[in-house]
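Below: one structure in structure tokens.
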């Protein structure tokens, strides 16, 4: 559809005319048109995900399966058109294609096309739900995102503690799984060390499916110790998150969805003239008076 | 029972005589009669709920089922009489009927009558238990409610964080459920995407029923990651609630159950002369010397 | 063994001679003899509990059951002798018999004797383990108890919040259980409302046994909502305990096990001359130089 | 391999020449060689653990089992050589052999040799994963360990609270298990008191395997109470850890892996001249300029 020669003529050139307009609508959400576009997009994603989920239910698929397939292709073509539009209106298409949202947008399209060759992957169309991460962009101007960023900062701040904690948990789980494999053995369902480790994770996280359970007295004793140990251990992430949240309270959130044409960084202030990330000159800012 | 003409003659008129008396008894709990009424009401609700619950046990129903049906109708008629009395003694019956407690009071009556036509709903009579929310009114003068309000404020304060968190959890659960549907497939019990999502919720919340469990090695590996991820994720609400509770400590609670005749707002101070919500003139305050 | 005439002659008289000595050994733990007595007692309780627990294992009972029965009677007679000694050496035997520890001491003896008539209760001998609460007395001089009291104070301080929380949880569980009973019905294992409520508790507390599970799509949807709701709700007690623990930090613990002869209150300071609870004159204090 | 006469001639003598060099490489991680050694060691441990785990999977073992056995012996001989090298280059071999890491290093070797006689223990080779604790040494210079020590300090600080809490939980679990054994009995799967206690632990920690579940109404009622009680009780460790973590924030971590030749204490400052633990004279410090 977009042949290299067509798009390459635009590459790297400053955005103006219809490309600037399209960019403002598709990438930003501060004008009325931009907000409307994002809301339609989110609605389309939700319906499309619901269609795929419903289509997997046997009874439903038998009755209206053909309509679902049609709907599904409609959505896929719509999203493909949107993806192409995004590529067209940014200054450096590759930079968008390799960005976080760019990869997700592509991943949301691929399964439908791949399913033509390998039918089994058709269910993966549901990764489309990841596109809903855009939902936070629409609400960016509201206070929701402030909370979202507090969460992200809290997790980033405890990144190291979490690594140490996870490696400790993995060691405990591996040793305990091996021990149970030796004690219970394949006869009681602990068929291999990986299976025993899976059981140990199930037990330590207090999920406890019950598909594999210790049968011997010694095994049950070890399992009891593991559960008590597990609770103590798993109080740690709660402690980490809680103490981080208590110390991280409400830094102000970016006020706009204004997006740099060069590096696609978001959240520039209305009065900003240069990108705070790459230093590129920012184009004039379009925003409806609220 | 209460024909429109009967009640409409009272509509909007200030309460006096027996209506004022009845209002003070039924809606407020600061006089001895008002407190006694509320206590009898709560006792009746508890017994009525117990009767419905017991009536669903096969062995009990066979022996004394007929008595339970009689008791059940006695309670329903009692509650109907109370509902009518409430409608009669308030100044704007519709305003009460559409208020939070008014809707619950009606919902507690309907199932018995509806069950005459559609027998299956008879168990729903147990929504009657929601009327027990009134229990907090009786204790309103005690310190219990202060704690209750602290909880409500804590939840209201973290409303936004909780929305962001819930939407993130729903996305994870949807993507993970779809992934497991592809990996495990209908053969291993993951019969459709909704079923797989149900399994994912079961796993992430560490409930782990075990009615559906992964059987393949890859599925078990993904499930193990989900459980560890789930614990980390679900430490967040605990962190939210804890940090909110730490910052919200003990604002004083309303001291009375005095209720505005116009808008049914509660908790006016004994010395108040006008409703703090709608500005209406309050009638003199009746209260037993404690 | 202790006829009324024998003991009544001592009743209410100040303790002296062997009764004072015995009182110091049995009730206090600040002298070497007192500490030794408590340690032997705890050892005896532990062994006795282990004997009862082991005796319930079929394979073990078949081989050495007769010895366990003998041991069990030896312990019961020992504990009976101790109970009588306690009654003998306190000033007001009834006050001891009705005190917290007095009731537990009696409860630990009764099952063996009652089991002579009603053999089924013999397993209840294990309530004997409650006597281990005395273990905290031995460590009273150490810092352990300070922590223990901090826990107790934290729980007492959040007593009201916990009541409100529990009543809210009970309402949710009752309404949800009823709803699932209507939706799933006896065919899918929800045989009665009490059973459905048991299932709802299982689900809300994230235990998730899996003996009863929803089978219909609607039931699974409601169950998913309940699990998410349950996690949110159950973050509250953690929040309560955590915020209480953060505000309650280390008040000094009682320094002795010195016990008032009148009202059996413990923890009087070495230099105290009158009971801080009932104002009775305290007898001189016996304590080994550590 | 290392005959007593060979090694004893070195015993207690100050380290110099190749022994000092070897000591710096094996025990410390501040030089390039030392860091490389530790990284290879960790890689070898990871591969070796993976080999043992994979070897337990039936399908894999059938195909490439012989190679795994060979690999396994290669790793064991490597680790044996390393263990001997460690013994050779420390001043007091016994002190190392009895230290924490010394015991783990030996435990990681033994199962392979013992498995020659008793084949069942071969799976225990996976205790080798405990050697990964050394991984924290490599990262000692990074900030990871600061977090790790904060965790360790938090756990050590709440040591006493945790003991009191654990003993309380054990008592509750024992009494509840006994009660359920009496109420449900062997017919419903509660075959003995230890089994019932195992079930009680399963329930209180919210794991809920579901291999044993109450069948009677009374049993289900008690189980429901236990679950609610369990949640309340298990909020305590979370509260303990959280409040400890909030009060313990970031004391600086030791900056080196410099190890005393006498007592094997780690973390001496670059400028230190005497061991801070045993007062021995420290040898000059080798460190690459970063």
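Going by the order they are written in, the chains are A, B, C and D; count residues from 1 in each one.
By our rule, contacts are C-beta pairs under 8 Å (C-beta built on N, C-alpha and C of every residue); 3 or more make two chains touch, one makes a residue touch a chain.
For reference, the UniProt names are A, B, C, D = Ion transporter.
These numbers come from a predicted model, not from an experiment.
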item: Chain whose average C-alpha position is farthest from subunit B (Ion transporter)'s own; value: D
item: Interface residue identity across copies subunit C (Ion transporter), subunit D (Ion transporter) - same or different by half; value: different
item: Distance between chain centroids, defined by C-alpha means - subunit B (Ion transporter), subunit D (Ion transporter) (Å); value: 49
item: Between subunit A (Ion transporter) and subunit B (Ion transporter), centroid-to-centroid distance (C-alpha), Å; value: 35
item: Junction residues of subunit D (Ion transporter) - those touching two or more other chains; value: 57, 194, 197, 206-210, 217, 238, 240, 242, 246
item: Chain-level touch network, classified as line, ring, star, complete or other; value: complete
item: Contact footprint of subunit A (Ion transporter) on subunit B (Ion transporter) as seen in their complex; value: 160-161, 163-165, 167, 171, 174-175, 178-179, 181-182, 191-194, 197, 203, 206-210, 213, 217, 220-221, 223-224, 227-228, 230-232, 235-236, 238-240, 242-243, 246
item: Contact set on subunit A (Ion transporter) toward subunit B (Ion transporter) in their complex; value: 49, 52-54, 56-58, 120-121, 123-124, 126-127, 129-130, 132-133, 135-136, 143-144, 147-148, 150-151, 154, 162, 166, 169, 194-195, 197-198, 201-202, 205-211, 234, 237-238, 240-242, 244-246
item: Subunit B (Ion transporter) residues within the subunit D (Ion transporter) interface of the complex; value: 57, 206-210, 217, 238, 242
